[in-house]
Amino acid sequence: MNLPAGRLTGVIPPVCTPLTPDGAVDTRSLVRLVDHLAGAGVDGLFVLGSSSEAAYLTDHQRRLVVETVVRHVAGAIPVLAGAIDMTTPRVLDHAETALAAGADAVVATAPFYARTHPAEIARHFQRIAKEIGAPLVAYDLPSSVHSKLDADLVLDLAADGTLVGLKDSSGDQATLRTIAISAPTGFSVLTGSELLVDTALLLGAHGVVPGLGNVDPHGYVRLVKHATAGEWGRARAEQERLLGLFGMVDAAPPARMGRGSAAIGAFKAALRLRGVIDHATTAEPQIPLTDDEVALVAQRLTAAGLG
Amino acid sequence: MNLPAGRLTGVIPPVCTPLTPDGAVDTRSLVRLVDHLAGAGVDGLFVLGSSSEAAYLTDHQRRLVVETVVRHVAGAIPVLAGAIDMTTPRVLDHAETALAAGADAVVATAPFYARTHPAEIARHFQRIAKEIGAPLVAYDLPSSVHSKLDADLVLDLAADGTLVGLKDSSGDQATLRTIAISAPTGFSVLTGSELLVDTALLLGAHGVVPGLGNVDPHGYVRLVKHATAGEWGRARAEQERLLGLFGMVDAAPPARMGRGSAAIGAFKAALRLRGVIDHATTAEPQIPLTDDEVALVAQRLTAAGLG
Amino acid sequence: MNLPAGRLTGVIPPVCTPLTPDGAVDTRSLVRLVDHLAGAGVDGLFVLGSSSEAAYLTDHQRRLVVETVVRHVAGAIPVLAGAIDMTTPRVLDHAETALAAGADAVVATAPFYARTHPAEIARHFQRIAKEIGAPLVAYDLPSSVHSKLDADLVLDLAADGTLVGLKDSSGDQATLRTIAISAPTGFSVLTGSELLVDTALLLGAHGVVPGLGNVDPHGYVRLVKHATAGEWGRARAEQERLLGLFGMVDAAPPARMGRGSAAIGAFKAALRLRGVIDHATTAEPQIPLTDDEVALVAQRLTAAGLG
Amino acid sequence: MNLPAGRLTGVIPPVCTPLTPDGAVDTRSLVRLVDHLAGAGVDGLFVLGSSSEAAYLTDHQRRLVVETVVRHVAGAIPVLAGAIDMTTPRVLDHAETALAAGADAVVATAPFYARTHPAEIARHFQRIAKEIGAPLVAYDLPSSVHSKLDADLVLDLAADGTLVGLKDSSGDQATLRTIAISAPTGFSVLTGSELLVDTALLLGAHGVVPGLGNVDPHGYVRLVKHATAGEWGRARAEQERLLGLFGMVDAAPPARMGRGSAAIGAFKAALRLRGVIDHATTAEPQIPLTDDEVALVAQRLTAAGLG
């Protein structure tokens, strides 16, 4: 399938990548996870994002993920694929692979590792858009990329047709609002801030890409439905329930592992506990959760009504 | 050839990667650059580092660079190859390719983009060392990687045999000194701070990996020779001449491009002006130098006696 | 007057400090500004905050500001006073002066310049609260203080009675939400994010401290009224009008001055254009706006219906 | 006394501020510390710097420190006084007090807390120099100030007579070298990097302001003497002994307190163990060292021959 006639909206989870204990992509579990998400009524899937451990997957594994998901979804909902790499030429290689495997759109960050000027960041997105001939979404993730896409840059690239949307995981809702107000018709503003979905939709965002949506896609589908209907009280209640559930990312303490490892580890543990995937294995060099930490994850599931 | 019986020492330039105007690797120019460096008496070559634009080269180009240089050097001096990528599984893929192409050692950074705990950084290097069965050098480049390898971490990984050396481009000479004093025999401390070679050698470093060494390898060979002989006055004079030459990295102003683009652009312009390579092209999305900026580079060459 | 029986709520503008052309506090203009704010129906005043240029005022000027405002307000609404300094002993000196001059509560940041551990930050607030015997509000401003107050720290200090509230200017609405949900009854969560007032109130904040509220207090009073009434559509419309007005902070370009200077300069220019204060002078070493930049401020006023 | 006819050179320790157990300035101990330093042959004293806990001292305590030291030194060696505060007007107040108390020169940082443009930083130093009519030294301490003084800025302010020197605690020796090479005659480049004194002098610095010099001033006097004589081997040996001694700053672990608290706490513990000051008390809110941590400090003293 292609992108919707209008723009990307609603719940588009960044799909976790289940792994076998020896680190291979567990395609059987991946397919079950896709069914779990699609069955909840999500509006699209984002594979090879941060919650997918894209940074840890080899080129071979990345291709396998896109192929597996695209084949299984079979056009029912759009599949966006991350092309996460340091610079234009390397991003282009990933983008071509993903599109060849059937992805409907490409998601790319500004250059990282390489330290670039805003003019070079603009050039980066423009070159990618021109080469791939497919919809391009910018991914703003300063905690990983170490630069921020400012509102003027995004709006310029929206206006000249380079970008069809923005996935904002910066946490900067003031800039998000500025972009949402001024972006051209058809441009899609998606937030990655899974604890601020109701407020993001209130200020003009069109959808959400929640890592926690792997664990509880039904909750995010309800949340967006309430917000879209203007039922802000019900939206807030649902969001607050999800905030409690999100506490699972603190099951493992910062003294023991990176915050990314703790979050992905918790999401995968929860998916295993819920019976969606077979193993909670995370990629190297991430430190795995202990049994006690997994028990804390289980408590969060129970407290949120998912036990 | 293999690594020297003792440890890596002396001048080991990070080899620029000449490109054709359409962005392909210019292997004819690359070979001439290798001759230029080897002819000056450098002690080794580091391909696929930051000055090589490794972050911008595709996997295909990376392999071509290693193969071309290894074949041409033919064992005369060791060739170290960067395996620059985000996480352990991806670094391993690059390392295997480089070693298959004949590299003598692998150079890797801590994980980046992924945000990892120091315990995960240690695990990263340990997994790589165990898998590759070849010498591993840690590359400390906080301006790109956004974490710093602290002295205890490096010393632990030196003591357990994970690392054979450190390439330090952090600019933190106090930590460099702490490591140099305490590292085990045979561990090689290399500085990437091209303006602080005399002082780095005074405080215990064993060698230097100077980006500017592409332009003036003879200068760095003399500088190391003076310092090794304890002729600190002559070393300082040579270093100050090279500091003047390094001013070329400011030919293009920060308002126009990233500092990396300005530096690599200047080095390549200087190599072209000196007749070593055919084109000063830099990889996308870097902004190229203007003719006026190249003229400033030429002035620096002349002032340093290389005109 | 003392603090309200319940907690601080509503609109509490950080009061600009009008200066004469030679840099003295312009008390006549300050009194008119207080009337402008109180007349619009704000719920309290925050003097000696960042928008007040507290960092630029001498001890003498700081005392004069508190005395002038407290005397003029005469208990009609509460007056909070910033005690902005590097460490506990210095903050205590400012707090004592402000309380002696009649302030109703003290607002303090974590230590800055000094680099402190979270345990030392907690100790800092605890010592202050114990010494002053008056309500203490924590001020979270990572862009100036270079550390972030995390949710656990704030909640612990709320639970043990150290803090009566938080003024959050971090822009991190997810942490704000976590605090708002878990804080004890009576604890006041105030946002300094003047472009996110509707969303902050939706997620549980109790009030707002908007720098732009100096220029348009009526707008913020309306905005809070709409939000409190659950009229989110009207709140959003008011917030979007204020977002347009806020564009005045970009009248002076980043190439010419700091973003703080541009914002304070614009607010003061707008207050002068509106006839509230006599001079738009900002404190040294801030660069003043040009006439052309002031004309852009005037355009923003007109566009927002305040021309 | 006034500043030396030439320029500031040699060892100029940042003088610790001894405190009584209840946090008052212990002037008796302060005088003994001054004798300890002057008796070792240091070339000047820097009071109210970071190692003096200037950020923690009240205005009253700051004045008392300058008065006590100036009176006791009685012109034998120059006394520089820090005027550490956020902005120009506040720095001026401190500078006037220090000069009235007899300080020979003023040391000031760029504005902090306030976020300023480089043009505003230049204006800051120019206003201060113009107002105080006394020698002004710039203090570059990015870890506290969160901006870096770049080489062009310092060289411009040296050339126009605003600054008589730079105290560089940035750790950036490449910039230090650039400044040392190009600064006008009479401009003094002082390093605060106590582990890099030999290398700083090799690359052109004129003196050192070592916090650890409180504990072992004789060591730093010998180190500078060797370096000045071109005896780099002896200088290096002395520096390496001092590096071992500096290990005392790690006696308290980062999990328990800030790195500043650990360093100042260790210096004060060592001064008490050496019988120079009566109490190792540090200012609030710094966490004190435990007895076990003090025992580690004692071990460092013994190992360095000062037990």
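For reference, chains read A, B, C and D in written order, and residue numbers begin at 1 within each chain.
Note that contacts are C-beta pairs under 8 Å (C-beta built on N, C-alpha and C of every residue); 3 or more make two chains touch, one makes a residue touch a chain.
Since this is a predicted model, take the numbers as computed values, not measurements.
Touching subunit B and subunit C at once are the following chains: A, D. A centroid comparison over C-alpha atoms places A as the chain most distant from subunit D. Interface residue usage between subunit C and subunit D, two copies of one sequence, is largely shared: over half of the residue numbers at the contact are used by both copies.
A separation of 49 Å divides the Cα centre of subunit A from that of subunit D. Centre-to-centre separation of subunit A and subunit B, using mean CA positions: 35 Å.
Multi-chain contact residues, meaning those touching two or more other chains, do not occur anywhere in subunit B.
The full set of touching chain pairs reads A-B, A-C, B-D, C-D. By the touch criterion given at the top, residues 23, 55-59, 61, 84, 86-90, 93, 111-117, 119-121, 123-124, 127, 143-146, 254, 256-261, 283-287 of subunit A touch subunit B in their complex.
Contacts from subunit D toward subunit B in the complex involve residues 171-174, 177-178, 181, 193, 195-196, 198-200, 202-203, 230, 232-233, 236, 239-240, 243.
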